[in-house]
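Letters are used for the chains, namely A, B, C, D, E and F, taken in the order the chains are written, and counting of residues starts over at 1 for each.
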Amino acid sequence: MYSVNVRDHFMIAHSFRGEVFGPAQRLHGATYVVDVTFKRGELDDDGVVVDIGRATAEVSTILDAFRYRNLDEEPSFGGKNTSTEVLAREIFDRVARAVQEGKLGAGARGLAAMCVTLRESHVAWGSYEGQL
Amino acid sequence: MYSVNVRDHFMIAHSFRGEVFGPAQRLHGATYVVDVTFKRGELDDDGVVVDIGRATAEVSTILDAFRYRNLDEEPSFGGKNTSTEVLAREIFDRVARAVQEGKLGAGARGLAAMCVTLRESHVAWGSYEGQL
Amino acid sequence: MYSVNVRDHFMIAHSFRGEVFGPAQRLHGATYVVDVTFKRGELDDDGVVVDIGRATAEVSTILDAFRYRNLDEEPSFGGKNTSTEVLAREIFDRVARAVQEGKLGAGARGLAAMCVTLRESHVAWGSYEGQL
Amino acid sequence: MYSVNVRDHFMIAHSFRGEVFGPAQRLHGATYVVDVTFKRGELDDDGVVVDIGRATAEVSTILDAFRYRNLDEEPSFGGKNTSTEVLAREIFDRVARAVQEGKLGAGARGLAAMCVTLRESHVAWGSYEGQL
Amino acid sequence: MYSVNVRDHFMIAHSFRGEVFGPAQRLHGATYVVDVTFKRGELDDDGVVVDIGRATAEVSTILDAFRYRNLDEEPSFGGKNTSTEVLAREIFDRVARAVQEGKLGAGARGLAAMCVTLRESHVAWGSYEGQL
Amino acid sequence: MYSVNVRDHFMIAHSFRGEVFGPAQRLHGATYVVDVTFKRGELDDDGVVVDIGRATAEVSTILDAFRYRNLDEEPSFGGKNTSTEVLAREIFDRVARAVQEGKLGAGARGLAAMCVTLRESHVAWGSYEGQL
């Protein structure tokens, strides 16, 4: 299995609901360093997993919808807790859709799986991995 | 599959038995930076893999049994080589037991798998991954 | 010159005033990984720059005043932009005061200088360095 | 599943063929930081995944064939694009052969799988993972 | 003294002249992860060291002149060894000129010093630091 | 001022004397990732700060005296606490002597200063910097 990873980041404000979150129930924020890993069994005709330039540009465009925002006010989350895991899944779904719509190139339709990891500090991260 | 990772570290002395270990047969030591990765197919009712606060606290308590010790004198290893791999497995087993005893919260019983990684330098690490 | 560094982190929400900040004028947030570096010409009687245990605990206590907060509502900033540089200086001043009040131990009064660095992503950081 | 990882690096020149590569069609170069991860279900008689000293030495010997070279002129690539993914696979195959020839010790024949990751910058990497 | 750092990278081919360079006399290449650190005694009117957005954009533009090139053929180096140190100095001079020409904003003229660091692998880096 | 840095590591056992060290008074150990930074005002005739190959080899030879040892039994420390700061200074002195003895090449005699940093975990490090 071949993999290729691109990295970007975004900074947001949010708060959590539920006693389990303790002081994180207050409005606070985070920098998320995002790793999107693309996977497939065989390389495409150019000898790559994905066109890394287009992948980087498309991931950046998708993250633009999150950059410098208060996620508590984003209708797409409808009041759901925007935990690191939930955000990783949301970004996974959006990149997966872009792959299916051909935005990463025709060759990217051969991708088998993807993993999105969000690093929120030097000691904690969350991720979502799934088939494409 | 969703994942969440917490990081901690501990510093120990030990020595290895077996010619293959060369100069590491002498009494020496190591800093191990520990990553514990929790995995599950679906998030719990709070929208997380595990209560990261409780996970961090429980991992820290488990590592207290290793901190600032000479592992050659720890009865729990019974003279076994405390290689990075063996230590990763030992910590895996102890965190797994804590999960089963409910110490990471009721929701943590839904965890599917776990991976424990011990980084011993900027160029080497070992890990153990298994089902829960 | 000897140095010792301890690391911690905190997560906050804030916004900036001034056109130069572009989209960062919106309410957003950040994770700051904080490095506090203590410096002195000669070691103290225990052969260290500072009691690293006390330094770690004191820095953590000082950062508690920032953790999981919306800095726009913190009276201590009085509407000032809480840029990375400004936050580094604020933390520098608070740790410097703790040193002078003896909270890091009597030996710490021999400290000559200090640097506080705040890493806000994998590509950007700010710091403030000064004499003690 | 147990894993052990060793790290090394090499620096090469190369160019790519294909419009998709844009300016990378020009002769340029890269530093690749190489992680070779060895995996197996049970530890060997010494309680390790692999003799880490021999693994480090053998990986270094294998990378000697790439160090400080212009890959466009290496006959073993026969004009194929030496993308990060292709290089990861090539190194995988060479280390796998060394394992089979007993160069990492008799115990290493019990290895189950391997992953070779090449980090080309702070924001991008590629890898190849397979059974042994 | 306040500092702010921005990070970027570029990938080039080159070779060195002089026996001291051993195998690096052959045509090879490198990824350089570039840190440009801006320093000043007091913050500007916006409470920052430099407009980080403009600094990032300007550094990127300056590095465009190096990206995906064979430095042996760049007339600006005139056959000089493009060691990590020499490249750090060259980039320092170009960013310094941009500061003086006002390309980082009027406030940037108050900058006191700058340091350019080029990381060429996980084990080696070089830098040039000077007054502005 | 130009700088060049080389990195290596070593693993040792030791214990500390003094109540301030708490549980670190027990025999334990550490991995130290070592950065040696060489500095000078002008480059040598080859356009470098120091012959990086010779510097790497010489630092490695100096660290051989520490690798896989119990520092409590090393006569050169004579019962002194081998804190991170003390070790950084000891390594500084040994590399400085090697520079003066010409072991890093004739050009290295033009070095102006040096900094030795020992990273003992992902959250703590110590260093010693001085003139040559």
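We take it that a residue touches a chain if its C-beta (ideal position, glycine included) is under 8 Å from a C-beta of that chain, and two chains touch if they have at least 3 such contacts.
These numbers were taken from a predicted model, which means no experiment stands behind them.
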Those chains which touch chain D and also touch chain C: A, E
Chain whose mean Cα position lies farthest from chain D: C
Proportion of interface numbers common to chain B and chain D (over half same, under half different): different
CA centroid of chain E to CA centroid of chain F, Å: 27
CA centroid of chain A to CA centroid of chain C, Å: 30
Whole-Å gap between the CA centroids of chain B and chain E: 41
Chain E residues counted as touching two or more neighbouring chains: 7, 122-123
Chain C to chain E touching residues, read off their complex: 18, 20-22, 80-81, 83-86, 88-89, 117, 122-130
Chain A partner contacts - residues on chain C that touch it in the complex: 7, 9, 11-14, 23-24, 26-31, 33, 67-70, 120-123
Chain B contact footprint on chain D (complex, rising order): 1-8, 43, 46-49, 51-53, 56, 105
